[in-house]
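First the structure, in the form of structure tokens, and then the observations on it.
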Amino acid sequence: MTLVRRGVLLLALPVLLFAAWWVASAGSTDFYWPSLSSILAAFGRTWTWDRVQADVLPSLGRLLAGYLLAVVVGVALGAVIGSVRWVRALVEPLLEFLRAIPPPVLVPIVILLSGIGDRTKILVIVSGCVWPVLLNTVEGVRGRDEVLSDTCRTYGITGPLRLRHLVLRAASPQIVTGARQALPIAIILMVISEMMAANEGLGFTVVQFQRGFQIPEMWSGVLLLGLVGILLSLLFRAAERGLLGWYHGQRAGRREW
Amino acid sequence: MVAVAARAPRVTGRPVALGVLGLAVFALALEVGPRAGLVPIRYAPPTSQILVTLGEQVGRSAFWVALLDTLRTWAEGLLIAVVAGIVVGVLLGSVPFLRAATATTVEFLRPIPSVALIPLVIVLYGPTIRSTLVLVVYAAFWQVLIQVMHGVADVDPVARDTARSYGLGAWARIRYVVWPTALPYVVTGVRLATSVALILTITGQLVIGSPGLGKEIDNAQQSDAVRVVYALILVTGLLGVLANLATRFVERRVLAWHPAIRREEVTPA
Amino acid sequence: MRRTFVALLAAAAVLATAACGDSSDGASDPAPGQPDKVNAGVIAILDVAPIYLGKQQGFFSERDIDLTLTTAQGGAAIVPAVLSGEYQFGFSNSISLLLATSQNAGLKVVCNGNNSTGVDGQDFAGLFVKADSPIQSPKDLAGRTVAANTLKNIVDTSVRASVKKDGGDPAAVKFVELPFPQQVAALDAGQVDAIFVVEPFQQAAVDAGARKIASSYVDTAPDLTVAMYFTSTKLLGENPDLVARFTEAMKESLAYADAHSDEVRDVIGTYTQIAPEVRAKMTLPKWPTEINTASVDALAEAAVADGLLTRKPDVAGLLP
Amino acid sequence: MLEVGNLHKVYDGHGRRVTAVGDLTFTVPEGQFACVVGPSGCGKTTLLRVIAGLLPATAGEVRVRGSRVTAPPAGLAVVFQEYGRSLFPWLRVRDNVELPLKAARMPRARRAALAAEALAAVGLSDVDSAYPWQLSGGMQQRVAIARAIAYQPRVLLMDEPFAAVDAQTRADLEDLIRSVWERLGVTLLFVTHDIDEAVYLGQRVIVLSAAPTTVADDLAIDLPAARDQLTTRADPRFTELRGRIYARIQKAKVPQAEGTPA
């Protein structure tokens, strides 16, 4: 496929959609459906650099802290639960129950336990993101290759070396799947944790615009939220390519034979 | 990423007892914690009080109406998401041109958090079931679509060529080659979609106010009825567990022939 | 036309979802002789007891109005629903309505909602601090944090009024947003220095031993109109008769509620989960039939002074 | 040296009791190249896994260099049939070979030397920085063999190592393992289903019966020590030995009157 054709294919539909939205909302007088042009104008006006510093960066900081903490906790617990059979039997039903509780419902409880500062918002993010990572790690650790674990036993590979190479690296494709599933949840919880107990943040600002009936600004916030989501998923894809280079190579390799 | 059907735990005597023990210890901790003053009892009622309140709630007709609204929103949203996800997934997955043309759009819309849709749905449908339905469908749809596209992409070229060489038409190829290969992915997609759908259902009701358990929880919060809040949270948790058991049951039934499940039975203890 | 325009946009924005576009169940034009099907958006708090009582007493059905009451999250969900025609009437606090008018959202108040009791220390809402807190009166709040259920809204405006009235510097008070249900616990745990709660949370604060240092609604303006019922200018233009009938029924409900506080306490039990013993002890707001225009004006000025609004909105245009 | 005494192994999974090994007794003296061959499904792999300490015996015992085997013994290496799955896909070839030495806390310089020497021995010096999945099946098995060599075992177990490679690669690997055995002087137990391979490689061939497995035959291979694919396989003695083992296995395949189903 020539470069031009691929370029057209990649951009055609998004541009088309954007244009459709622009035309459809051009002359809109509806209070809650401002024209796309006024939204974009509001975007420039609202998201100045100092507002980004005041609201967007703290939100992203909390998002990152919560997300990374959730991954670390999820992998650590997952490795233990996946390796020790009776531990898995003991905690699995409990985990299924805790996983099923929608995180937004937990926000008041987390506020009760840890106050109203950033720590609470980070804990809310962790409370939602830890599950996909944990459960996928358990699956990854449980599903490791028999022959590889026999090899380790035969060659006396135990302890930290075994943990790193057999337990974690073997499970890494599954762990990454869990981490990818956790990303959108982190964004959602970032916003929801700011809807309930905050005085700054991206989610908080969007809600404030909505309550203050500043509709174009509100839509610009929603647009920014979407862009943040896209940016984070691109960053994740890059990190994944680095982390799982070997895995993609292996799968592609196997396909050619 | 091959998300092959998760291995369903084999339920034999001992692990079940351990599992129940795990839950019992957790319940006991929630009973002792507040009474011992670790947490202010006024805002974190012990398990016994929660269960008593749950008993009262079950007596209220409004509870059952809310439960039915929740189940209906959840089931309806899940059904639309699964059907749409499979149809669009197979379509985009098998036609290379379509897949390439829509790749960026899928990547553009997918990461947009469904929460960003809340202002949109409120304007469109207000605090009605349909608002939360849109949220649920939006979030659950991507889970199914991505898995189905993975599944269709995972079709072994050798199998596809064999089918073509035996003159199987497009529809027959989908029926006998694409579908069986994609099935484990579809099932994984449905399993993921089920849990996401429940979470978005309750969240939508909580934040927008569409009728259902989520709204009952918010209503209880606004009425400072702390025990009712915890009782209803317990119900949402139980709903999640039941949903998970149901999807695992369906998974074992539908994928009985699949190696991941089959290998599960053959390997000696 | 607008309906199809909105549905088209939804389809574009929500590309992959099958947004079922069958016509929404707004108020269809009633066949002659049939009562008007009316949907009103309210919040499940005690302020709206009169409309529930009015429906119970049949004040609306007498006037050919088949009223359905739907509870929503807050003003943020009700206003758009009224503007889009999903609801015909809504309930919202005065500041939100002033904010909406300043953005010319096309809203029109139809009648009064509820007022403060006007009696200092005996209002249905109050500013509380911990029993052993050094803060004795509102002016001591300078440099302290106060919890408000929504920022840049009626609560922080009223608390600033209390601080000003007590000779303190309102700008020095720091507000943090915290929903009512979490405020008493946050005060107990010392995460905030003061909280402003309405019933039934005022009872929770009293039970927790908190000390009331001001009734900010009373300080803001005498007999302050805290909230009002409203409709969209569109509906008012298309069906003034329906609006008039609704207003009459609403006024009758307000008068009835003001006179029958026991029935009010019972009806509150039907649409909230507030425990009976709490309902019995709660201080009820006042439900005068006429809007206290002076108080709404005072609120508008306070909102401009506190920076919620750049310039004073057309209060007369908003009120009936 | 390797002693197997009255080894008995039964699998009972899901209410089905399968007797994988009936009653096996044999000894492999120090430095001997012993092959084990038998009908498919006669528990060859189970035998090897029990000797390697990966699987507990139901009855009887295994002794490696005098000490009883309850867990994978030191100084014993195994080369598995599924070479692709026994290598770490996220480690380069060099690191795969070095990992067991790292686990034995060997200093870095010594590890590197041993790994380089082992890779040279199997002719893979130039691909040491590649990933296993970038190599062909034969080359991957060479990496597994190199890993075993670098480990400097006293006993080497090989479980049908060349079953999954094409015929030409198999011939090269057979000659490679012969030369490695001669150089290391290691005691080697080579399990295979290919009778020709057993006779070509081994100093001795142990023939197993169908399940429940017992030793059906145990014969010495008196072919000349220097073996090569052409002359050795053309030697009439080779064909005679091969014919005898083949007949013995056909007879063993017929289930005895009262035997449990295979």
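Every chain is named by a letter (A, B, C and D) in the order it is written, and numbering of its residues begins at 1.
As a convention for this text, contacts are C-beta pairs under 8 Å (C-beta built on N, C-alpha and C of every residue); 3 or more make two chains touch, one makes a residue touch a chain.
Predicted model, so just to flag it, every value in this text is computed and none were measured.
**Q** Provide the labels of all chains in contact with subunit A and in contact with subunit C.
**A** Touches both subunit A and subunit C: B.
**Q** Out of every possible chain pairing, name the one holding the most C-beta contact pairs.
**A** The largest set of C-beta contacts joins the chains A-B.
**Q** Please indicate which chain is farthest from subunit D, where distance is taken between mean Cα coordinates of the chains.
**A** Farthest chain from subunit D, going by C-alpha centroids: C.
**Q** List the centre-to-centre spacing of subunit C and subunit D in whole Å, with centres computed as mean CA coordinates.
**A** Chain centres of subunit C and subunit D, defined by C-alpha means, are spaced 82 Å apart.
**Q** So the centre of each chain is just the mean of its C-alpha atoms; given that, what is the distance between subunit A and subunit D in Å?
**A** Taking the average C-alpha coordinate of subunit A and of subunit D, the gap between them is 48 Å.
**Q** When the C-alpha atoms of subunit A and subunit B are each averaged to a single point, how far apart are the two points in Å?
**A** Chain centroid spacing, subunit A to subunit B, equals 17 Å.
**Q** Can you tell me which residues of subunit B touch two or more of the remaining chains?
**A** Counting only residues that touch two or more other chains, subunit B contributes 40, 43, 105, 119-120, 123, 207, 221, 229.
**Q** Specify, in ascending order, the residues of subunit A that touch 2 or more different other chains.
**A** 17, 32-33, 108, 112, 210
**Q** What are the residues of subunit D that contact at least two other chains?
**A** Counting only residues that touch two or more other chains, subunit D contributes none.
**Q** Okay, in this complex, where on subunit C does subunit B touch?
**A** 6-7, 10, 13-20, 24, 41, 43-45, 70-73, 76-77, 80-81, 84, 86-87, 179-181, 185, 188-189, 200-201, 203-204, 208, 272-275, 278
**Q** Within their complex, state which residues of subunit B touch subunit C.
**A** Touch list, subunit B to subunit C: 40, 42-43, 80-81, 84, 88, 105, 109, 117, 119-120, 122-128, 130, 133-134, 137-138, 141-142, 145, 207-209, 215, 218-226, 228-229.
**Q** So in the complex, which bits of subunit A are touching subunit C?
**A** Within the complex, subunit A contacts subunit C at residues 17, 20-21, 24-25, 28, 30-33, 108, 111-112, 115-117, 196-199, 204, 207-208, 210-215.
**Q** Which residues, counting only subunit B, touch subunit A once they are in their complex?
**A** Against subunit A, subunit B makes touches at 1-3, 6-7, 9, 14-16, 18-23, 26, 39-40, 43-44, 97, 100-105, 107-108, 110-116, 119-120, 123, 157, 192, 195, 198-199, 202-203, 206-207, 214, 217, 221, 229, 233, 236-241, 243-244.
**Q** So in the complex, which bits of subunit A are touching subunit B?
**A** Subunit A residues touching subunit B: 1, 6, 9-14, 17, 32-33, 86, 88-94, 96-106, 108-109, 112-113, 139, 142-143, 173, 176-177, 180-181, 183-184, 187-188, 191-192, 195, 203, 206, 210, 218-219, 222, 225-226, 229-230, 232-233, 251, 255.
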